[in-house]
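These are the structures in question, set out in turn.
What follows is chain A paired twice: with chain B in the first complex and chain C in the second.
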Partner chain A sequence: MTSSSDAMAATARAAGSGGPARTRAAVLKRVRGTASLVLRYAVAAAAIGLAWELFSVRFDSPVLFPGPAKTAARAVELIEEGRLQADILVSLRRIVIGFAVGSLVGALAGLAMGSSRLIADLFRPLVNFFRFIAPTAWIATAMVWFGLGEASKISLIIYATVFVVLLSSMIGVGAVAPNKIRAARCLGATDRQIFFLVTLPGALTYVLTGMRMALMNAFMTVVAAEMIAAEAGLGFLIYNSRQWMETDSIFVGMLALGIVGLMADRLFVLVSRTLLRRFSFH
Partner chain B sequence: MSATRKSFYRGTACVVAFLVLWEAGARLFLVPAVLPAPSQIAAELVSYAATGKLGYDLLMSGQRVLVGFAIGSLLGATLGLLLGSFKASQWLLEPPLQFFRFIPPIAWLTPVLIWFGIGESGKYVLIAYTTTFMVMINTFAGVVGIRQNQLRAARCLGATRWQAFRLVIIPTALPHILNGMQIGMANSLQTLVVAEMLAANEGLGFLIINSRISLSTELAYVAIFLLGVIGFLADSSFRAFAARVAWKYKLA
Partner chain C sequence: MAGSYIDFSQVDFRYDAGLGPPNWILKGLDLGIDRGEFYVLLGPSGCGKTTALNLLAGFEHVHGGSLAVGGRPVTAPGVDRVVIFQGDDSLYGWLTAQENVEFGLKLAGVPAADRRRKAQQQLDFVGLGKQGHKFPSQLSGGMKQRIQIARALVCESPILLMDEPFAALDAQTRAILQDELTTIQQRTASTVLFITHDIGEAIILADRVGIMRSGPGSALKEEIEIALPRPRRRGDPAFGALYDRIHAILSEEVTRVLRREQASQ
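Let's look at the complex of A and B:
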């Protein structure tokens, strides 16, 4: 999945750059790059699988430490029952909503704090205190305020996202070269024009970098919240399986987290790259 | 009035306003079980600290974080430096590192509980893992990102492989190591809270989850507040340390 999305990105990029002669060479280069990446992933997966198998054989307790084959069989079972897909979807839904709301709030607040001295002065102490409280510390409180349903988990993910995006956006505004702003002002731009045409595009890379970091935090928080209070989701699958000593289900849940997280990250990079190429987002 | 003074006054005014609004709102509209007023939380902090139990909770949480963090930082920096220095391990390791990045350390809690039991060692392992991973991927990225020309220059001037490692790779990677440690500390606190909520009988995380059961909500806020203070102190002392030690390597 990752490699194919990389290939798509590669062809999209290649198609956009240079003349026809160059394009062909670029495509060839990209294809070779993708092939090498696929090979790397395959070799790494094989190496990990082998090490895992050896360890589990050595450990000799399929219940406590199942090998790759047993885990794969369990994954098939869980998929056939429809549980794995359901848990993934539940977790993803929480992440997507929380991440979107949190990013929006964080970006707006960060841009405001970056652009206005007054707003920055007012809120900096509060932000600097609350951002150091681990989102997971609020789990119990979130349950009291928002109940055991979706709202409490989503609010936790918002909390985990907001501060990362906020800080990064604020730094982004500060990083816009003052000469650019001066130049725009010399050419007669109004404050509003400067914000939308100079500051915002300049800070965008930072906003997106912050969002990418926040996405990882969102995964961490959702798992923690689901472990403590949920009836569905990957965190629930991982924690609840302990009661039945289904270590294989735990491994399936963890692998699913890794795969879904990696895909979400790649998708985020791909989308921001293709949409915002002119702002040179890497 | 100087500019720094002005921002200080503004910030203080906003904090005071926030506390007053919270105090009034909590006293007028809400019961303490939902949101206790700041004064009630402060009173609870003092009275609970007086019993001496709070000191024990802090000690246990602090010990868990520090032991795990120390092991994790050392392990992470060593692994990152070694693995990043060899072309073969670079080639092989990047994909799996990308993959494991998205398995939150807290997800390992269940297997760790099964393998190590609910004693202290399980928490050390979990926090060490959290830190190791963060420090390792940052160090790794730092080493991989070293400009080849810098290394070539060192070799041209007659540096041995070991000298190049010691005098070029380590200093260049140092800001990345410190950066990884900083993130690792923040993540460790997150992991710690959840681990203590689910599998401990003392510590700040336990305090939070237990006060919900015993319905003494003030205590949960005391713990949340202290976690914020610890996070803040850890981060700022870290910055101060990094500024003293690594100023010449430009910590990002």
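Let's look at the complex of A and C:
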């Protein structure tokens, strides 16, 4: 069009070029970044281990406060017995089902409440009432209503997940810039097109942030749910070990929760960034 | 004005303020814009320029009088009147520049290959032919405004509504885009309603400048034909004379606003 546009395009071409040298530099940068991250994680783990060891020595009671070595030995025993893996898998199954259902319900309800004032006005009082009742307060009623099996435990995780995702999704819809919707209207969009092509993608980062926070809630709730009327799971491991004063097993259960939770969070972030990268651009 | 392509006739518009009296933004606005005309609206802050544009876009509805385009009343937003907004928040950050330009065609159900070709033509037209794969966050402010312009042009919208589109840009980029917009408007023969606070920008772009009174209950105070040949340069003595004339009219209104604000404190 004009010389200025050509100049701008030429600058962009120059910036975009570089070939193999540029690719090599990018790979090196990535490798350095990963190495640095692993190093930082290792330093943090070593610091926690050292502090733990110092506290356990000072406490001077391997039964009440076992050190890292005793806990690691117990972890090996539990793994050899096959108990730790089994408990992790049982808890993970409950978390995955509860988190998936809770996220789906929360996201759909939040998007609906964010998009419709009528729906928001109808359901806001209920949401604001129930979200202040902790999942643990429902343990007894969940057992009465859903029995001692999986349903009661999963229902508690759904409850712990749904409100965080719902609120975050609703806020996400409200955060979509009005000019994005106005621009779509100018370009001939119907209400349905606006929802699926503007509101939903615009709110997606908020939905994902809510899900990430809800994942933490799900991990916390599964322990409470498994402490009562369970025969397996990390919460059961922790609660059952308490009765036999097996503090080392309790520590193993807590460590397993932390490690599995950390891995689940990293996996969630990785999948979100890989599959939905473009939605983090706005 | 009856007979004009865009016709604001005795238009009233208010915002209701709870239990208090209504806040009249426009009262008896008469404004006519001819087909293919580049019309720039100037006025003090809060005088209702953007409200007039929003009414024409179909985002708001008149409370009195009538507003029509080509003889048909404006009742809703439409692809015949595409708005180019200030800033970049109307672009879809999760879509590439190319996909943003294609957006209106996608809504209309145009096949993918056709819309890619048409969007590429418009990207070439606005000088961004090689930037289509980038996301808006990877483009400069000027490039983002060009994407908005391309998005409007690809829909072959006969009317462009521009609400201070260059206000957030640096002076150099603004000058470049003003030249480019003049070229685009002349090539496409679009009818443009352009809002700005910058008198120089108004003289560079406009066929006609409308100056609004200060509110509340604003309307058009005066219109000035800009008969200077293009391209227009700020150093031109005729440019300076027009600038002084518009500045004097506008200053009266701005002073009135300031006095009213001081009196209410």
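As a working rule, the second predicted complex is superposed on the first by the 258 of 282 C-alpha atoms of A that agree within 3 Å, B and C clash if a C-alpha of one lies under 4 Å from a C-alpha of the other, contacts with A are read in each partner's own complex, and residues count from 1 in each chain.
Just so we're on the same page, a residue touches a chain if its C-beta (ideal position, glycine included) is under 8 Å from a C-beta of that chain, and two chains touch if they have at least 3 such contacts.
The shown structure was predicted, so the numbers you read here are calculated from the model rather than taken from an experiment.
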Practice item. Look at A:Arg185 in the shared chain and tell me whether it touches chain B only, chain C only, both, or neither; answer first, second, both or neither. Key: second
Practice item. Would you mind checking which one, chain B or chain C, touches more residues on chain A? Key: B
Review point. Is A:Phe163 touching the first partner chain B, the second partner chain C, both, or neither of them?
Key: neither
Exercise for review: Pick one for A:Trp145: touches chain B only (first), chain C only (second), both, or neither.
Suggested key: first
Exercise for review: May I ask you to decide whether A:Gln193 touches chain B, chain C, both, or neither, giving the answer as first, second, both or neither?
Suggested key: second
Practice item. Check whether A:Ala177 is in contact with chain B, with chain C, with both or with neither, and answer first, second, both or neither. Key: second
**Study point:** Partner chain in contact with A:Phe219 - chain B first, chain C second, else both or neither
**Key:** first
Exercise for review: Quick one: classify A:Tyr206 as touching chain B (first), chain C (second), both or neither.
Suggested key: neither
Exercise for review: Could you pull out which chain A residues touch chain B in their complex?
Suggested key: 37, 40-41, 43-45, 47-48, 64-65, 117-118, 120-126, 128-130, 132-141, 143-145, 216, 219-221, 223-224, 227-228, 235, 238-239, 241-242, 245, 247, 250-251, 253-254, 257-262, 264-265
Review point. Okay, in this complex, where on chain B does chain A touch?
Key: 6-7, 10-15, 18, 33-35, 91-96, 98-111, 113-115, 186-187, 189-190, 193-194, 197-198, 204-205, 208-209, 211-212, 217, 220-221, 223-224, 227-229, 231-232, 235
Exercise for review: Note which residues of chain C are touching chain A in the complex, please.
Suggested key: 57-59, 76-79, 81-83, 85, 87, 89-95, 103-104, 106-108, 125-131, 135-137, 140, 143, 151, 155, 176, 179-180, 183
Check your understanding: Once bound in the complex, which stretches of chain A touch chain C?
Key -> 1-2, 4-6, 8-9, 12-13, 177, 179-180, 182-190, 193, 197-198, 201-202, 204, 278-279, 281-282
